[in-house]
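In this document, chain identifiers A, B and C correspond to the written order of the chains, with residue numbering beginning at 1 in each.
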Amino acid sequence: MDIFIQQVVSGLATGGIYAALALALVMIYQATDVVNFAQGELAMFATYICWSLINAGLPYWVAFISTLGIAFVGGVVIERVLIRPVENAPILSIVMVTLGLLVICNSVAGWIWTYVQKPFPSPFPSNPFKIDNIVFGAHDVGQIQVTLLVLLCIYLFFRFTPLGLAMRAAAHNPVSSRLVGIRVGWMLALGWGLAAVFGAVAGMMVAPVLTLEPNLMGGVQIYAFAAATLGGFTSPGGAVLGGFIVGVVENLVGTYVSFIGTELKFTVALAMIIVVLLVKPTGLFGSTVVKRV
Amino acid sequence: MSAILEVQGLEAFYGRTKALHGLSFSMAKGGITTILGANGAGKTTTLRSISRMVRTTGTIRFEGEALERKATEDVVQLGIAHAPEGRGTFVHLTVEENLKLGAWGRRERGNLSEDFERVFGYFPVLRERRRQAAGTLSGGEQQMLAVARALMLRPRLLLLDEPSLGLAPLVVREIFRILKTVNQTGVSILLVEQNAALALDLADHVFLLETGRVVMEGPSDVLRKDDAIRRAYLGY
Amino acid sequence: MSGSRLPRIVGLLALLLAACTLPFMMSNFRLFQFSQVYIYAIAILGLNILTGYNGQFSLGHGAFYAVGAYTSAIMMDRWNISYAWTLPVAGVLCLIIGFLFGLPALRLEGLYLALATFSLALAVPQILKYFEHWTGGSQGLVLSKPSAPFGLKLNPDQWLYFVTLGVLVLLFWLGSNLLKGRIGRAIVAIRDNHIAAEAMGINTSLYKSLVFGVSAAYTGVAGALSASVIAYVAPDSFNVFLSVTLLIGSVIGGLASISGAVFGALFIQFVPNWAQDISKAAPWAIFGVFLIGFMYLMPFGIAGGIRLLWIRATRSRVQQEGRSAVPTQAHTTT
C-alpha cells in the first residue's frame, strides 16, 4: 500500500509536467486549430536559458521567474513574427512552420549548448521526507506544488480578469470578438506567450530528473499528446486532468506490470492514445463541434 | 440635421465577386434608417462594409471621419456597435460575460454596473439568466442579448442585421419597442430587415436594395404607401 | 487545359528522355540519390492521394513504407524471390492493410486521425524489433542489389535507376488517370464537402477506405523499391521521422498535385544536403529555415506556386485579348 501511494504521488509529479505541456498544446489548438509541434522544443530552449542564468550567478528562483518572463515574450514574438504571416494558409502549412521551428530550436540549442548532458538544479531539498513510513521525494512534492500553483494562477486569470475573458472569447469566436473591439491577433499572441510559459515550467521541473540535453522534451511531448487526447483537445481542464492521469497510469503500469520495462512504458502512452481514439475520439471532457452544413 | 453616416460609391467584394455596385446614401443623426431588400440584395454586405469586415472601395464617413483604412476593432472604438446576422453570441460564455465583452471596445471603461442596470431594464429576462451559458437561451433571448451586448458599448450608431429572423412575432414586437426607446436616448440605428412591415413601422427613413444597388429611398411614411413596395415587399 | 494537351505531352516526353540519359553522365552516388528521389516521389504521391485529394491527414505513412520495405526484404532474403516480384506483392499487401486501417479511421477526423497515424508511426520501430525472427531485429537485414537482366551493360545503380524511373512513370500515369476521371472527382468531393458528397450518392465510407488502401499501396511499393536501392533494412530507419519527412515533402510539393510529389521528393532528398553544406554546426536549423521560407513564399506548395504564376501570366494575356478569364480549378493542380 505504501508503495502504491508513493507511486501515485510520483506519478502525479510527472503528470503535472504532462499537464502543463498538454495545456499549452490545447490552448493554441483551441484558438487556431493548429497543433504546435514545437511546444516541447521551445520549453527545452527556455530551460537552457534558465540554466545559463543560473550559471551566470542568479539565484534559482530569480532565474526561474526571469525565464518565465523571457518565455512569455518569446512566445508572443514567435506568434507575431513567424505565425502571423501564414495565419490564413491551410492548416498543414502552418503545421509545417511549427515543424520548422521545432527543428530550428533543437538544432540551435545543440549548437549553442552542445549535446552533452548537463545537470540542472532542483530548488527543492534533496532529502526525501516521510509521513507515516511512506517516503516522498522532495522534488516530486515540490514539483506538484509548483505545477498546481501555476495552474491555479492561470485558472484565476481566465475566469476572473477582463483580459482572460477577452482571450477566451477570441479563441472561441474570433468574428464576434472583433465586433466587440477585441484585437484577436494580439489575443492569439498572448495565448502563445502563456503556452510558452507553461512549457517553460514543464521543462524546468523535468530537467533535474532527466538531465538537460536538446532532446529533453521529446518523450514528454508524446506523453503530453496522450494527455491532451485523453482529456480532450477542446478542453483545457480536461487536458490538465489527462496529464495527471497519464502520469499516474504510466507509473503504476511500470511498477506493477512486470513485463513493461522502461522502453515499453512509452508504448503505454501510445496504447492510451489509440484506445481513446477508438472509443471516444474527443476525449473524456472534449465536446464534438457541431457544424452547420 | 447632420449626417452621422455618409456612404459614397461603395463597392464591396467577396474575393473577386462584386456584391455592392456603387452604393451611396447618408443617414441622419438620431434617426432610424432601414435597408430593405430580398435575399442577396447586399443588405448584410452593407453593414459588414461599415464594420470593415469585407473588402471595399469607395468612401464611408462616420461623423465626418473616414473609415476605409480602419480595422473592425477601430470602428468599434469609434462608437459603432454591430449585432451581426445570426446574433454572434459567445455561446459557451455566460450572459453576464457576453455583456461585459460588449463594453470592451469602449474608450472610457468606467463602472459597468450602470450599463448592466440599463440593459436589464430593457430586457429583464437577461437579468434572470445572467449566470447561464448564453447558448442555452432561446432564440428571442439571444437576440435580446445581442442587442444588449451592442448597447453595452454606449454606441452612437447601432447596426442591426435581421433582428427578427426566426423569432415569434410577439418577441419581435417587444424587441422593436425597445429599439424605439433606445433611439430616443440618442442612439442612431441602421437596421437591415426582411420583415418590411415591422421595419417600415419603426424606421423614419428607408432604402431599398436590389442586387447591390439602391433602387428607391425616402421617408418611411411615403414608401409605405407606395404601391410597388406594397405589392413586392408587404404582400398585399 | 484541354487545348494544350500536346505541348504538355511533348514536354513530359522530353523530361523523360532527359531523365534516361542521366545514368550515363552521373556518378553512381548521384544516381543513387535520384533513384531515392523517384522512390520518395512515389511514396509522396501515395500520401497526396490520401491527404491532398481526399482530405484524410496521415502522419504515419512511414509505416506502409516500412511494410513494403520489409516485405520485399524478407521475400528476397528468406525465399530468394526476385526483387521484381516483391513490388506487386508489397503493393497488394499494403493495399489490403491500408484498406483495413481505413475502416476504423473513418470515424476519425482531422486532428484525431493525425494523432492515430502519428501513434502508429511511433510504434513501428518497436514492432519491427519485436518480431526479430522475421525482421532480423535491431540489426536488420542486409540485401544485395540486383544486377541488370539480359546481360545489359549497366551496373546495379544504373539498372535500379531505370527500374525506379520506370515504376514512377507507370504509377504516375495510373494515378493521373485515376485522379482526373470520375473517381478522382468523387474523391475530391468527399474532401470538400463530405455530407454533400454522401447526399449525391457517393459511398463515402467505401471510397475513403479504398483511397487509404491505394495510398498505402503506392507508399508500400516505394518502400519495396527502397529495399533494393539501399540494399539494407533496419527498424530505426522507419521511425516517425520518416513519416514526418514524407508529409513535409507532400506539403512542400503541393498537396493536391501529382507533379508536386516530384518537387516534394527533390526537396526532402536534397535540401538536407544543402543545409549541411551551408552549416556543419546546425544543419537542421538551416533545413527548418528552408521549410518555413517555402511555406511563406508558397503556402500551397511548389506546384501551387507554379500554378499561381501561370494564372497570373495567362490572365493578363487573356484580359488583353478581351475574353473572360480562364476558369480556375479551385483545389487541384496537375
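Going forward, a contact is a pair of C-beta atoms (placed from the backbone, for glycine too) under 8 Å apart; a residue touches a chain by one contact, two chains touch by 3 or more.
Owing to the predicted nature of the structure, the values given are computational and were not obtained by experimental measurement.
*Asks:* Measuring between Cα centroids, which chain is at the maximum distance from subunit A?
*Replies:* The chain farthest from subunit A, judged by C-alpha centres, is B.
*Asks:* Which chains, taken as a pair, are joined by the highest number of C-beta contacts?
*Replies:* A-C
*Asks:* Whose C-alpha centre lies nearest the centre of all protein C-alpha atoms?
*Replies:* The most central chain here turns out to be A.
*Asks:* Averaged over CA atoms, how far is the centre of subunit A from the centre of subunit C? Could you give it in whole Å?
*Replies:* Here subunit A and subunit C have centroids separated by 33 Å.
*Asks:* Could you give the separation in Å between the centres of subunit B and subunit C, each centre being the mean of its C-alpha atoms?
*Replies:* Inter-chain centre distance comes to 52 Å.
*Asks:* Cα centroid separation between subunit A and subunit B, in whole Å?
*Replies:* 43
*Asks:* Taking the touch rule as given, give the residues of subunit A at its contact with subunit C in the complex, in rising order.
*Replies:* 29, 33, 35, 82, 85-86, 89-97, 99-104, 106-108, 110-111, 222, 225, 229, 233, 263-264, 266-267, 270, 273-274, 277-278, 281-282, 293
*Asks:* In the complex of these two chains, what residues of subunit B are touching subunit A?
*Replies:* 51, 53, 71-73, 76-77, 81-82, 84, 88-93, 97, 100-102, 104-106, 149, 153
*Asks:* Taking the complex as given, what residues does subunit A use to touch subunit B?
*Replies:* Residues in contact with subunit B: 162, 165-166, 168-169, 172-173, 175-183.
*Asks:* Contact residues on subunit C for subunit A in the complex?
*Replies:* Answer in residue numbers: 51, 57, 104, 107-112, 114-116, 118-120, 122-123, 126, 195-196, 244, 247-248, 251-252, 255, 281-285, 287-292, 295-296, 299-300.
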